[in-house]
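Supplied in structure tokens, the structure appears directly below.
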Amino acid sequence: MVDKIKVSLLGSTGMVGQKMVKMLSNHPYIELTKVSASPSKIGKKYKEAVKWIEPGEIPENIADLPIVSTSPEDHKDVDVVLSALPNELAEDIELKLVKEGKVVISNASPFRMDPAVPLINPEVNWEHLELLKYQKSNKNWNGLLVKNPNCTAAILSMPIKPLEKMLNIKGVYITTLQAVSGAGYNGLPFMAIDGNVIPWIKGEEEKIPREINKMLGKMENGTIKQNNLEIYPTTIRVPVKVGHMGVINIVTQDDKINEEEVKKLLKDFTSLPQTKNLPTAPKRPIIVLEEEDRPQPLRDLQYYNGMAVSIGRIRAEKNLLRLIVLGDNLIRGAAGITILTLELMKELGYI
Amino acid sequence: MVDKIKVSLLGSTGMVGQKMVKMLSNHPYIELTKVSASPSKIGKKYKEAVKWIEPGEIPENIADLPIVSTSPEDHKDVDVVLSALPNELAEDIELKLVKEGKVVISNASPFRMDPAVPLINPEVNWEHLELLKYQKSNKNWNGLLVKNPNCTAAILSMPIKPLEKMLNIKGVYITTLQAVSGAGYNGLPFMAIDGNVIPWIKGEEEKIPREINKMLGKMENGTIKQNNLEIYPTTIRVPVKVGHMGVINIVTQDDKINEEEVKKLLKDFTSLPQTKNLPTAPKRPIIVLEEEDRPQPLRDLQYYNGMAVSIGRIRAEKNLLRLIVLGDNLIRGAAGITILTLELMKELGYI
Amino acid sequence: MVDKIKVSLLGSTGMVGQKMVKMLSNHPYIELTKVSASPSKIGKKYKEAVKWIEPGEIPENIADLPIVSTSPEDHKDVDVVLSALPNELAEDIELKLVKEGKVVISNASPFRMDPAVPLINPEVNWEHLELLKYQKSNKNWNGLLVKNPNCTAAILSMPIKPLEKMLNIKGVYITTLQAVSGAGYNGLPFMAIDGNVIPWIKGEEEKIPREINKMLGKMENGTIKQNNLEIYPTTIRVPVKVGHMGVINIVTQDDKINEEEVKKLLKDFTSLPQTKNLPTAPKRPIIVLEEEDRPQPLRDLQYYNGMAVSIGRIRAEKNLLRLIVLGDNLIRGAAGITILTLELMKELGYI
Amino acid sequence: MVDKIKVSLLGSTGMVGQKMVKMLSNHPYIELTKVSASPSKIGKKYKEAVKWIEPGEIPENIADLPIVSTSPEDHKDVDVVLSALPNELAEDIELKLVKEGKVVISNASPFRMDPAVPLINPEVNWEHLELLKYQKSNKNWNGLLVKNPNCTAAILSMPIKPLEKMLNIKGVYITTLQAVSGAGYNGLPFMAIDGNVIPWIKGEEEKIPREINKMLGKMENGTIKQNNLEIYPTTIRVPVKVGHMGVINIVTQDDKINEEEVKKLLKDFTSLPQTKNLPTAPKRPIIVLEEEDRPQPLRDLQYYNGMAVSIGRIRAEKNLLRLIVLGDNLIRGAAGITILTLELMKELGYI
């Protein structure tokens, strides 16, 4: 294929970076040609710079790539820069690349709430990419910046999107049980979390409501009018390696909620990525499980290669709808939506 | 001391049974004189019949006691029978003992919702023991039966009791993260729960609201008028050995909740067991923790030998009060409240 | 393909059974046509009888198969019966099938040490299948019985086979660190093994030396002359789900052992399954890892779909050779070698 | 008591430091009066500088002590400086203190193999303290330096000491299963070790033989003549929080080893700390367990407050003696022997 999209990857040796390396290794039209990592690794071969933890070998075409810096000159000959940078490093590096004309799609938190920057979870709000039409002039940038949401917000927003249209929601009370990988490979010592549960995750409870409300916002006159759902998350770290779970209590103004209609709504939920049959899009973004003890991180992360979320324990009682959602925080919550966003941008002509 | 209360213990070799053996080993006025276990163990010495898992040695005065049966004739010369029987075995055995005149205090679930039987979490509803005045005539029993609540209901009811009086509660939305020991020593295989989270516990979600509402009920004319709080628990098993956590969202009719008043109310909560200075009563039944990442099972189960619950992350916002409670499911949720109930019954003259 | 080998599977719903179901689901010339399980499941569809724990869905062609009994009449129209039965049930069931003329290849322990029964780890001792020529007459059986070794013996024998020829071994001192799945899905409660190490596995330390010495034996005049290596294993259960590790200390009569030659010997080890390019055979049965902190269960079980063992920390010092071997106890130690044995029997004309 | 020994503690906020704080909190004649920690904590109160992980509260008399530096002037008014410093920081700091006249007892690795410095595991080689008589002149120091061994060497040397006298040992082949706390609180990320086993611990395999051989050495003419046992350890990290286990294979020149004599020898082993009834000395330094599945970290760390090691699976066969030893790496392997060494030095008049 003559015209593959060439991409580079910032933060390529981290956990999310490794996932992207793997997912891109046999992509039909995206080609990873440059890998970047922290300064001390520049110049080394990828296979020497990375502590590879994915099952299977490092993809052959990547293993010997030299690590490059994050400076714009090292990303000249790629079409798009993907970023799996840590939040605290991302702002300056990404801004510099965008100012110098690069298209950057990023997982990191800075700029997520910037009104000029689309915060994209593809099935939920692909239409927000329209912001890109005005971004260069609004921001005086030469390139483009697209953000993906926080991993937990990405997973929770999947069922909330269709439910928000169906129900008159008064309040959403959520408890999350989040995997240790969400804090990074070195994020939590064994001594702290093994056999334990830590009922607080730094910064997480602020991000979730505001990011979901931005994603649920409507495009109006070239800007996003944010939603104002009352969302109250309590976020808890549990000794699980991968998989973020959300226990969702939705209190509505409705007298009676039809459980079967809710199940059907969720099962049938599809969006543009499905219609356009994008390569990384799950056929069904939401899997509804009927077994009473599901979803479980150990059993339910593999649907559509981790790109679908699974939902169980759907129960309606009076004005209350309860359900439990589970998603792969590294794939559906990070690496996968970045790649899906790129596919979407190509499909819609932004690249 | 001449007149110690002599007790026997049903289910003495299980996890809760072992806790009681240990707690009673140096009690000022309760003496464990008989230990019972399953038929195959009858006649063996306790130390041979038990797979002892408590830290430290088996108390000396118990180690050589012979295991007796559950038949009334084997419990003739004790004043009270304590029961840590499995739920599925308890009904027939306990009923037989009560009919034949024994005073039985039990952790097992049968009869918990019987209107004639007090369901006691001492600090929460000690006054329900008044039911015992009418129990013999109501049930045509020769003995007495007192029940302790489900372990999770016991822990959750501690903060709900004072809060229910302070706030105009519309709904209580709870997610529990429950330890594996709650299912018994052999309750969950390592292959099923290690590195996993199972979002369902058999029977648990039904018990919690009904038992709490019974405990929060008022004595009126010799019967309990149950409360009708709207309580919606979602119960989840996590790979933790001991310690049940409840994430509590209380939606109220109040406009504004004073966080500091809530903290003070909880910190200062005491009840009859404290006033009477009962030996097993914690000086403060509720410990309020200010650190943002507490309570944790690994750090916060030891207050007052496991008899206090700890509460953290108290947050009020508009009409919503959120808090997290943690308690030792084997002590505060089981062995400890049985013993404390016995102390209470003695104090109030029921024994 | 007209003439696929039709097989049935005993113990098809257990962990090893599920592995076989999965491995056979797209085998080039073996077709699983009957699945058997415990009496209470007979008649149910496989998908209803099994608690499926393998990642991914139950293979379509198996999901709706009805569970059959273990009686010979239920296995009439298959060519071979594979057995993943629990040890304590296997003897009678397998014997009955063999007497009535079936070819049985089994993972279970009974008959492993029977002189007339080949105990096959394909790369190690494929030539022992010759015993089958005399088995019917020796045993007065109408069918044939082939056994696979204990999972730990299977993994340990892989490096010992080539090393035993190279070195003059005086004693082999082994410590194993064995995964919980080796005890079956329900084999160990979480409360017993989480955060713990149990330095004893029932029956294991007796099986390892005798099974390895049988496998290392020579065919002489239609019988196996067993080897007599001095092997001393201490077997330990560790809180790992899959992967048995062996820390091997080989004391030799040699003055000096050439570490590089050992590495080369192990890396280059191949046997008949490789020469004949059998479908389930790993291209290299032994992977030698050079990193100082490998092999690890979390990283090193996937080579050749779990059919290769990995070896690290090879160190020679004076008369001592040390190395660490790791293998997938469910695949290389069980399901995989049963299938590979069947392929071998076909190749050699025993089927 | 007028004349308590006043001590300061370097590294007081680490895991071993916290253990010492706790163990010293009600010592009959040692008083902790100064606590030191890393520069950023100097001046803070101990309770603000420490992330306390021990069960129970910080001892009252320590909680408000201000953190001091490691400079000699901050340790002027104490009799002894105890050190729980990290290995990489210890050399310079401890040397400076010793040169300026302090008596330092340290857990850290530098100087352990210095011929002028006693490496003390009290029951094993208390008589090596005699080196102190010559240390000042040999080293030109104004103070004294005493070292404690590596935690694993401390635990392993307990049974090896008496066995080395009883048997004619040719080689000792050891596999260790070591707890994560041995690497420090932040030593291993959950993602790396949970559900895993890592067969290598940096630096450990070199330290064990040389430190044991120094401890087993004989005092001759004011110097230690080291032993030369052939000890070959393979050290493995396992997902256990506390407790180092050693699987020991001792190959001897003896034809036949009497298992019962070995058990008696180990059970009866005592040394000067027992004879002198030192406060921290376990009555029996070695507990022999007869159950086939012991010792286990979850059950067998509590003997004599963690100061005894437990030994199980003692088996003699021909010229091979096998046994498994387990000890608390933070107490018997670190904090406890430092305090016991101080008690010993007082008893013998070195302080």
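We just call them A, B, C and D in the order they show up, numbering each chain from 1.
We adopt the following convention: contacts are C-beta pairs under 8 Å (C-beta built on N, C-alpha and C of every residue); 3 or more make two chains touch, one makes a residue touch a chain.
Note that the structure is predicted; figures quoted are calculated from it, not measured.
For chain C, the chain with the farthest CA centroid is B. For the pairs B-D and B-C, the larger set of C-beta contacts lies at B-C.
The distance from the centre of chain B to the centre of chain C, with each centre set as the mean of the Cα atoms, comes to 48 Å. Here the CA centre of chain B is 42 Å from the CA centre of chain D. Averaging Cα coordinates per chain places chain A and chain B 43 Å apart. Across the assembly, chain A contributes 53, 192, 194-195, 239, 241 as residues in contact with two or more other chains. In terms of inter-chain touching, the protein chains here all touch one another pairwise.
Every residue of chain D that touches chain A in the complex is listed here, in rising order: 53, 180-181, 185-195, 239, 241.
Interface residues of chain D facing chain C in the complex, by the touch rule stated above, are 171, 173, 175, 177, 192, 195-200, 232, 234, 236, 238-241, 243, 245, 247, 249, 251, 292-298, 312-313, 317, 320, 322, 324.
In the complex of the two chains, the chain C residues touching chain A come out as 53, 55-56, 194-195, 299, 302.
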